[in-house]
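My questions will all concern the structure given below.
Naming follows writing order (A, B and C), and every chain is counted from residue 1.
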Amino acid sequence: MTDARAGGERMHGWAADLFPICRSITGNGVRETLSYLQRIVPSMTLHEVPSGTVAFDWTVPDEWNISAAYIEDESGRRVVDFANNNLHVVGYSVPVDQWMTLAELQPHLHSLPDQPYGIPYITSYYVRRWGFCLAHAERELLAEGRYRVVIDSTLEPGSLTYGEVILPGREESEILLSTYVCHPSMANNELSGPVVTTALAEWLASLTDRRFTYRIVFVPETIGSIVYLSRHIASMKRNTISGFVVTCVGDDRAYTLLSSRHGDTLADRTAKLVMSRHAPGHASYSYLERGSDERQYCSPGVDLPVVSIMRSGYNSYPEYHTSLDDLSFISPEGLAGGYEAIRKCIELLEKNQVYRATTLCEPQLGKRGLYPTLGTRGSGYTVRSMTNVFAYADGTLDLVDIATRIGISADEAIAIAAQLERAGLIEIVNG
Amino acid sequence: MTDARAGGERMHGWAADLFPICRSITGNGVRETLSYLQRIVPSMTLHEVPSGTVAFDWTVPDEWNISAAYIEDESGRRVVDFANNNLHVVGYSVPVDQWMTLAELQPHLHSLPDQPYGIPYITSYYVRRWGFCLAHAERELLAEGRYRVVIDSTLEPGSLTYGEVILPGREESEILLSTYVCHPSMANNELSGPVVTTALAEWLASLTDRRFTYRIVFVPETIGSIVYLSRHIASMKRNTISGFVVTCVGDDRAYTLLSSRHGDTLADRTAKLVMSRHAPGHASYSYLERGSDERQYCSPGVDLPVVSIMRSGYNSYPEYHTSLDDLSFISPEGLAGGYEAIRKCIELLEKNQVYRATTLCEPQLGKRGLYPTLGTRGSGYTVRSMTNVFAYADGTLDLVDIATRIGISADEAIAIAAQLERAGLIEIVNG
Amino acid sequence: MTDARAGGERMHGWAADLFPICRSITGNGVRETLSYLQRIVPSMTLHEVPSGTVAFDWTVPDEWNISAAYIEDESGRRVVDFANNNLHVVGYSVPVDQWMTLAELQPHLHSLPDQPYGIPYITSYYVRRWGFCLAHAERELLAEGRYRVVIDSTLEPGSLTYGEVILPGREESEILLSTYVCHPSMANNELSGPVVTTALAEWLASLTDRRFTYRIVFVPETIGSIVYLSRHIASMKRNTISGFVVTCVGDDRAYTLLSSRHGDTLADRTAKLVMSRHAPGHASYSYLERGSDERQYCSPGVDLPVVSIMRSGYNSYPEYHTSLDDLSFISPEGLAGGYEAIRKCIELLEKNQVYRATTLCEPQLGKRGLYPTLGTRGSGYTVRSMTNVFAYADGTLDLVDIATRIGISADEAIAIAAQLERAGLIEIVNG
């Protein structure tokens, strides 16, 4: 088994362990999920933000927990049961226990006529209501009659929980990884995000020498990233040189690159270069197709250089936000591919520098053993990428720019720059 | 009948009234035309500029007036008669009354072999000569023999006449509308221009609250705009934020957008956005295809942000500058379409502002009733245009830029910006 | 015979005279070649740079001279003989005189299996070795047995020779022409370069009034331009406004334009405009396809605005760097075409100015006899290029920009600008 395959299997195992937990934007499901990941990345710290805390235009809502929920018919048969699938309950449903007719129940039911075998994922975080979600095929089987609906939940002041890993580097400049932990039993969106981010955090923590500081956050989507930004925006604006929202990185159907709002930040340029080789046919989305926490990180005035590298992106696959986005939708290969794409970006960023040639005119590569000593028709072309890196090391372009301009991969660029730097032919220009 | 249709009928009626008048770059035809339009827009002022007045590189020529002109054969039959069509005389023809042979007459005749049934429109403003224009088919019927040619005209010191409407607004910044009133009986080029401009002036005058000041000029083409600029260039350069040359706006074959010299002024951006929805298949001409008074307004050193929105533009339709460009070539629908296109630009400009988000991160639209409270798979997309406007309100882009970037119409952009501003979520950045 | 044809014949004659000389990066072949060219351009000065001289990262190597070289079989038959073709010896071969078996000889032989009738051009400037080059077809005929190999060469301290022509102009600003004189008997690459450059130098020397100073250098490739730059870089960086590497300008198969590293210098803009008319279907290469001394002139920190206009560029034709690139590969027409292309660039540069209109609005061309006095449907278009030049003479664009923008040729642009300047309608903006 290759390393990548083994890594994919491991991530898929974590996802399988976490799959049954009922997560929401607050509550014990989030805590249980983060505790599990903390065992893999022990430097993760958990943070609790009390209900009612104001963050920019938002307020942390009450905490929601649920122990059971079902719809029982007059015969006592449970026709819908949260115990079978936690998508059956509208997220943040208030408690209820009452008998009602099917007609009275219907307005509280949600299903997808076009996908009759999938249970939709529905929430109501900021307006108190209750509801059940079920496959449309099952809904159509509900007989007239009376039903008992029970939701045994609490929605009370508590706190919002998030996890944070800070891995210091030689420089204060930071790379941000952000993923979310608020979705119940769905696999590509979202468990692929936390497990790939955890694997990246584990790898980064294992490095003995990091150039950059890494800020890795596991938050509930939207409210969590807003709360997190409200606490850290000054230093994040000062230090963040690139960031990645990690979501929908688990299937193996496609690759997707979603640009930042500005579209040409270091994160964009890096991701474009890496993806051009890692996944040549990948889909490219502008920021107009945004859908996750880049909505906050790239918002006006926040303006962090954040992109999202995905496999099949949110809203682009039919299983999205239904029970059909299950563990069979993601795969070890899919997770490994998403992991590798982001890791390659980080590896390139760690080596990215603005370089300047140390000699005027071309250097004499031959005397350094870097050039064929016999001048033949094609001799100059055997080391073309090396001479190209030198030719563009003009003190204004960074390695990402140079590699993009001269058409080489991130790996080649890193190797050639290291070789030229060792030979004393290029030097780093300090910011 | 719709309002637009009614407006079109009304403009077409004005054109029909003005059609028989013999206009030129000076003379009583211009005065009569402006007096007619002044009855519709009473705030119009008329201005006389004496012959001999110097304007930049030009000098106002003598004033030309004509009462009759004809070619009579030996039998006394008038084979060409100005009374039938004022295109029959070369504009600015000096007086003549003499007998000559057909051979002697021929050099003074103008016709179009390729369009045998159209009378060409010919002028000689700055060299004294005389001539007649006629359908080529008629010219070929002229028998050998002697003809009496009579032109009862005067070409003497007098003045050049133009009309001006200034409608003050809250701001000193101005929008310029410029049209010309120097062509004899032709409909698309040019009566469509003055009648659409008059309708726009009437609408603008009716507004109780104008943000911008409107400078609306009715001038003879070229010499008129040059004279006008020579009198007002300092304030026009200081204040003009956008301008439109209004010509060829009466037929219903096509739409045309002619760019300013710079190609990316506010007028260009505004017109492009409006035309992308109002007339998606419109022709786009660069400034290299210029042909009317934008030649002056956009000239080096003048450099006003002026574009031209046309229906079938000058030189692009076979009837251009012939008697075939008559009242049947234009239509109420054509005039209404031209009027609407320019009016939409003005309406957008009146609302155009640079906006800045008032909160970091996305605002919580739900608590303001602007977002669905139930989170479903597509809920974010129902208000996508609103969140897009917010996401690009970064204090550098104006509403025209934002709408262009996010792909919404001018009307949508105006409505959403107003809604977000009312909700306190975006604010205007002062220049 | 046309002038161009006559010029082409003359250049071809020079190439024929120079063809048999055995050139290398140093040695008497270079001196003989330069002396020949000096007779055509007497202002050429010759310069000797001692072996061991350091130039940036390079050191001038020992001087190489050769009087004879052959491979003799046991019967005394010379199976390979330098006397027949100087490509038979690897450039810079050290002396040798010894008997060896075919097996021992083979590692010293170079041939092209894919081009069995061409002798390859091989050098070993910086590592001491010896070798022979031959047609692969002949190599395959070599019988087993013993061979005597003789190379009667010297490789000893001496000097590198280059030629320089400085033609002073009214301005200190310079135009650089650089060609190389280090290749033995090959015609397109390289004799076309020196002969076209010589013809250009002869023409430039004949001009009684030059605006720019011309720096014309005949150097061995790479080491020569590096040595030359090391001596003159300060003034060249200060003064060079455009430069051309002249190579591969002799065949008539194709035209090629190779951009500078920046891609948008004055030299690039000028060459693009000229080539768009002179050779509309020409190949366009980016700097990534560079292959000659532009590698030095455009290197980071040197950064001269240098392009290369070629016929069939190096590495793009199968005869390149073989004996098949002989006098039949180039032609008088080919040389004349290469010469004309570069001459047109120089003529345009000599006339290139930033122009500013002297009057606001359009000038009245009619009163200057520059515009038809009779206003007809197409009258404005007969002088369209003239009005376009005026319309873009805004004090920021130079004539190259204007011509490119309005779509006229260099010749038209020069003629119209001269006419407008004479009429006082545009004026030169000083730097």
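Operating definition for what follows: a contact is a pair of C-beta atoms (placed from the backbone, for glycine too) under 8 Å apart; a residue touches a chain by one contact, two chains touch by 3 or more.
Predicted model only: the values in this text are computed from it and were never measured.
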Taking only the C-alpha atoms, how many degrees of rotation bring chain A onto chain B, rounded to the nearest 5? 120
Specify, for the interface formed by the sequence copies chain B and chain C, whether it is same or different in terms of residue numbers shared by both sides, with half as the dividing line. different
How many Å are there between the centre of chain B and the centre of chain C, using C-alpha atoms for each centre? 54
Multi-partner residues of chain B (at least 2 other chains): none
Please output the residues of chain A touching chain C within their complex, sorted ascending. 356-357, 359-364, 366-367, 373-378, 380-381, 387-388, 390-395, 406-407
Help me check something: in the complex, which residues belonging to chain C touch chain A? 55-58, 90-91, 110, 120-127, 129, 222, 225-226, 229-230, 233, 261, 287-288, 290-291, 295-296, 298-303, 315, 320-322
